[in-house]
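Each of the next two complexes has chain A plus one other chain: chain B in the first, chain C in the second.
Showing the complex of A and B:
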């Protein structure tokens, strides 16, 4: 797992920082994911996490997203259909974060 | 356990009910409330009796579950104020105050899961879930210690924490291969471990190593789990059988 899997773009003008994720998020790299999220949230009261290129994510990622949402306003970008949006609605994460879809 | 619940109560001031539910799949019994405060036990019993709710969903999907308003949440149309009041009319005044709820699952032994949950007089938020995640780790550690009861406690904790990662990874791989949910993947792992008569956690490690062709990632603490040849063969057969299946259909 390389760093390039989690990319952080700094805040621009009115836009919050964006964390762009690709590939799998699982127990092997969830700590790294959490660190990038925390880093992004540390200097901002809102962050956007783009999950549109995530191929797999499980409970570990959901936990990480809940914990960052506890300290900052979280917006998510997810694929319109598929396991990730199912995971968000099962967990109720879509009720505490703003969710936008991308085809 | 009750001491943990007391600490949770001081952390979650809005909590009307707290509960720790355990499900030991080795005995194929039903999930049961291990410890509870307030209306926690009654609320979990109602959800497990077939009405549905955050606790059964957390068990089935192994993800944290949050609800802003339990009685009106569209995920559980049968979980209403009226339904719960009918089951436990003695707690009516508490039921009317319940709004938010959250449940966080964890695995503390090969075949045993736990769910820590709360019902609040306010809508639940991400901080509620973050707090439950911390307590789930505390509860799981306490369960492991209680289960071990003796000098092997530390070794068991390490083994379980190691296998926890491996089992999650193996479940993820199976979910991807056969397009099923976490619970189904878990059952496949359990069935295979019984059929081949190998330990579930070793099968999980062997499966990951078979798929990736590299050693499974394990925490640096303790002796890593190294599956024997019989377990590796079982993992190879299991993966081959599942990979071939869709082609035959």
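Showing the complex of A and C:
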């Protein structure tokens, strides 16, 4: 698993750091996802996580996002279609993060 | 080829995958489903729901296996076309741990509510020999 699946763009001007994710997130790579999230949140009180190119994620990813949302203001960008929005609403993650869609 | 009862939609052969209950198996299960679901005429959005429901159940099984003392836990995933949709099973032979009142069980609650939101019926049968999750997804062409 390479780091290119999880890309961190540093904060710029008024914008918080952005973690851009592509591909699948599951138990096999969620620790790496968590590390990138923690790294982004380490020096910022807000981060954006762009999941719009994520082809699969489940509760493992939700747990990682909840964990970073405990200490950091979290904004998510999600695909317009597909089950990620179901995942966010059932887990309650959409109540601790702001969620925007991109199509 | 013999006809399987309830599989007379003219669909593909049922899918059966047996793998060790380890995290690396999850991607293999998704890859097999991503190939099989279109052959069963499942539209992309319904296929994504199935992928997540099965993935969530399989992920739970892998987490059980990791926490269980005994090794060699296996995961079996099946999918077959029925007359009106899909029948899916995710089975593990790991030892069952009674849910404890903890954040873990709250998360497990999320997992089964998520599956229920994605497919039409979910039946979870825990036994001392393992856990079986049976799901039905109706397809509306």
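Some notes on this structure:
Throughout what follows, the second predicted complex is superposed on the first by the 103 of 103 C-alpha atoms of A that agree within 3 Å, B and C clash if a C-alpha of one lies under 4 Å from a C-alpha of the other, contacts with A are read in each partner's own complex, and residues count from 1 in each chain.
In this section, a contact is a pair of C-beta atoms (placed from the backbone, for glycine too) under 8 Å apart; a residue touches a chain by one contact, two chains touch by 3 or more.
These numbers come from a predicted model, not from an experiment.
After alignment on the shared chain A, the placement of chain B and chain C results in a clash. In the superposition on chain A, A:82 makes contact with chain C only, not with chain B.
In the superposed pair of complexes, A:70 makes contact with chain B only, with no contact to chain C. When the two structures are aligned on the shared chain, A:95 is found in touch with chain B, with no touch to chain C.
Shared-chain residue A:32: touches no atom of chain B or chain C.
Looking at the superposition, the partner that touches the larger set of chain A residues, chain B or chain C, turns out to be B. Of the two partner chains, both chain B and chain C are touched by A:56.
Under the contact criterion defined above, the residues of chain A that touch both chain B in one complex and chain C in the other are 24, 26-28, 56, 58-60, 62-63, 87, 90-92. Here chain C touches chain A in the complex through residues 23-24, 26-27, 30, 45, 48-49, 51-52, 55-56, 59, 62-63, 107, 110-111, 113-114, 117-118, going by the rule given at the top.
Across the interface of their complex, chain C is touched by residues 24, 26-28, 56, 58-60, 62-63, 81-83, 86-87, 90-92 of chain A. Per the touch definition, chain A reaches chain B in the complex via residues 24, 26-28, 56, 58-60, 62-63, 66-71, 74, 87, 89-93, 95-97. The touching residues of chain B, counted against chain A in their complex, run 54, 57, 61-68, 75, 102, 104-105, 125-127, 129-130, 133, 165, 168-169, 171-172, 176, 182, 217.
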